[in-house]
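We just call them A, B, C, D and E in the order they show up, numbering each chain from 1.
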């Protein structure tokens, strides 16, 4: 077991009250898996991701990654946010170089690595552009390149395509699958789009809210590339829909 | 095209203004040495530029202003970043800052003379004071408003202090700091006149005082116009700078000017 | 060739440094009024004689700012309202008066519709400062006319604002240092109701005041400086005063001409007699309860 | 709890400040009549409040300030809404506004006396001038920044002028106007001192001038403190007001103070 | 024909250049139809809606609604925006009353009407709340109530559910269908979500970009309520997908 979550509980203080956001979550994830966390707004998906990435501490329970207790963020596990988290005052190249600056890497080597990943996400022509000059999808690609540049073991993604329009979104889904295939990373991906989860995930972890609990874990054993209108796809989709009482 | 259009507007606007002024002079019927009309002030302007001393005065004022303003900017930004980061310390300093802020630099004059003497320094000090607080407060509030996501990104990529401050916080706050710099420029330029009241023997503020004492309202108004024009020029410069920062940082364009 | 250049380059500056290092520079603060003319004249005297004393004039916009500089030893001396200097001494600042600035030279200006002190009742009258001879002159006038101070409204106003205030009917009259009174006469918005000689014989107003620090540290040059000052005063006949005032003051020529008729600069010694007369008035009219004594305040070489 | 905490902070902050001040007095060793220490100023404060006149001065200043500020707010908001709506007219007026804005109210003094006399009115005029421009400009820019969607909604629901102005534009711009009111409050309070220099015989600004004239630095500092405290109080009031507007309008809370 | 669009073309000036955004659009719409405009970002959907609603003028061509040329906005056709367009300084009730204030209706009658529609969208308990206190879905319901309150003939909706999370979105889709059924309005609905279009529309107008043209018009002759995983649904969905080259 690569990621091992045991009895994880998270409570927030809100004035006088205590709000239980995650209740006794236990889950194990293997290396190289693509996991989707699916659930309605407010069920604690972001909170769980924050704890896994070391941004926040659990109230109870433990999280082990590769045998070690998670305490602080590290560039071995990189998070990609819905709003991309690019630094607007840096151009694409310098954004991608950000994670390399702390490491003992020569300038020319740094540039080389950055260029490699900028090419990988297909932005070679925009290396000197500012984020503000790029479309949402392109900005998210920069964030992905920046994450890959530090060779992380795990990539956490928090609704990374939530701000994109439906068609761009589907293109990005194909791209992230391609990257997953070629780079062989472990990916934990938060979404509340059911189609997206079924299209991407090896396993879908379905949450129920108040407090956040794991409602069901769905194995998606479809081969890639998946057919969004294929029979098996629709069958799994149907199953998830019924979990949320939608028809 | 746009350029010509805006020059046309300035021209019409100026003409209207001068006409209005002339009408006020005619209707109030004060002695022209008390309320000079546009023509008299025009001659005063010509005389001032003809004799050439005014250029020295402008230069002296600009020199004092530049020093005071830049010192204020530098120290307020550095202090602001620090205090914004160490919020607990600021919580203790804040009441004092808030208490001192609403006090006119004029009121401090006797102590400024005591501590800084006369000549260039008090003018610089007063410009410094009036620029310092807006920049300090806008920097501190900017640090408080930094998108938490940037801090997460910094953490995630193992960026440690002091690099978080120099690589993340400072650039992230820069647009808001630029706005503070803009406001501070305006308010400290206003206090140039007060600053040069204390023992300066040159400068635009001195000219104002001197013209008042010499009962030369024509020179007074001419100097006012010069101060206004330079203030407008400085404001345009920094607006331009601010706009560039905003575009660079990807902020939405402000509503048209 | 190099040698020559270097020797030329070093020769000239050393000569200059030598010249200036021997000179004693005295910083005198003033306001641009006719009461400060002897200082200007003295400065010219020193320049003409290429004396070892040099005066650096520092112009101020108002009395409080000038006094800030004097009290904090930022200037060595100042031509200042003597009552104000006495007040400063009383508050614990270390200064002394060394000579008068002038004799007489103040007038009571009223708007054209006023012909006697009675007409001022219920109206506003402006003085530049509570601690001033102008305040005393006002009190003298009211006293002689048998009017109480409370029957008119006294306002303290910056001198440059007074002619405007009179012109726009905001005040009915004022008494202030010159040439701000003459300005109203020149504009035709006001007239002279009394000359200071009508109210207070041999009145004094501004004085040359030096800091104790300067007096103590420069006992050798002080006497020479004061003597030259008085000499400069004596030289200021009408013609000379006109010339100097035009050079150092920015006011219009007509205004200065009117003003200079009212003032004299002879014999600027502060005598015990005139000073005690001043003290009486200061006490009588409530400017101060315990003004400094002659010995404390007036410098004797 | 929070309340007690903040009082504790103010107390510690005040103590530190006074200690620092005392240390400066001891180390610089100036004559106490030039740089009075805390004790002297404390006695001056007690004396001022004991004699009770200071309350009249505060009242007079507040009265002048309230009139000047409220008149400025009213006229600047109305004019700002109008000029913001009729942008073409504003394009012609803007150069004049920008030219007059950077000029210190002090410089206008001779003309203010000529046109408005002495006493209460010039103080009110100077406070008016210094509050007017920030409010005017922030209102105009607010109208320019109004979300176009609101105008579409108004159009869609057949709302006609003047109701578009009263029902849509004014409330939509109100948070930004409130911010302008806040800035203007600060800057015009600073000019209270300058305003009360012209012929006022009461008020806090007059006290400053009077203390300087009478060389009473202890009274000067005591008055400075009073001005600071009242300024701080006014600022807190309007911040509170601004915060409520923001919450009501659903703006995100600003970063913690 | 209720709405009659003939040869509609729209050009924008951009500095020196002219940008053609809509190119020769012809389309007729019947009363009571639910029309979805579907297309990628930038294809001119919003522009078309703005022209239909009278916010903008066409460069060429004509738009007739109910036989009249459209020139200015009127409350007979109400537009609902993605960001809801509520006035934050008014509470829910006063927002809903907005459109009634211009009409000659007594205060009490106004209140009555407002309450009726607030009930219809299920917000009776929130009539005195401010918009800022409501969730996105609730805010959009207020906007719908406000639109219905003026009894419009047509409702234009520009990506009304774009800012909602996927599950809330599906609930709102059901609600808008229910409102359509009970109030019998003509609805023109912009979206770039293919599922949404198939779920809601009587006809889907598919646009292609640069310049915006009608690529195809798809009749969706499925009965309501539609089954999102039913065979016919998936078949139509598949057809639309292939129009956008997605599988």
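Definition applied: a residue touches a chain if its C-beta (ideal position, glycine included) is under 8 Å from a C-beta of that chain, and two chains touch if they have at least 3 such contacts.
Quantities reported herein were computed from a predicted structural model and do not represent experimental measurements.
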{"item": "Those chains which touch chain C and also touch chain B", "value": "D"}
{"item": "Interface with the most contact pairs, given as the two chains involved", "value": "B-D"}
{"item": "Relative to chain E, chain with the most remote C-alpha centre", "value": "C"}
{"item": "Most widely separated chain from chain A, with each centre as the mean of CA atoms", "value": "C"}
{"item": "Chain B and chain E, separation of their C-alpha mean positions in angstrom", "value": "50"}
{"item": "Centre-to-centre distance between chain D and chain C (centres being mean Cα positions), rounded to whole Å", "value": "38"}
{"item": "Chain A and chain C: spacing of chain centres that average the CA atoms, whole Å", "value": "82"}
{"item": "Distance between chain centroids, defined by C-alpha means - chain B, chain D (Å)", "value": "17"}
{"item": "Residue list for chain C, restricted to those that touch at least two other chains", "value": "64, 68, 72, 158, 160, 164, 167-168"}
{"item": "Sites on chain D at which at least two other chains make contact", "value": "30, 34, 109-110, 114-115, 212"}
{"item": "Interchain pairs in contact, sorted by label", "value": "A-B, A-E, B-C, B-D, C-D, D-E"}
{"item": "Contact set on chain A toward chain B in their complex", "value": "53, 55, 72-75, 77-79, 81, 83, 85, 87-90, 98-99, 101-103, 130-132, 150"}
{"item": "Chain C to chain D touching residues, read off their complex", "value": "63-64, 67-68, 71-72, 84, 87-88, 91-94, 124, 126, 129-131, 155-158, 160-161, 164-165, 167-171"}
{"item": "Contacting residues of chain C [partner chain B, same complex]", "value": "29, 31-32, 58-62, 64-65, 68-69, 72, 74-75, 158-160, 163-164, 167-168, 180, 183, 187-189, 249-252, 255"}
{"item": "Residues of chain E touching chain A in the complex", "value": "40-41, 165-168, 170, 192-195, 225, 227-229, 234, 237-238, 241, 244, 246-247"}
{"item": "Chain C partner contacts - residues on chain D that touch it in the complex", "value": "30-34, 109-110, 113-115, 117-119, 197-199, 201, 209-210, 212-216"}
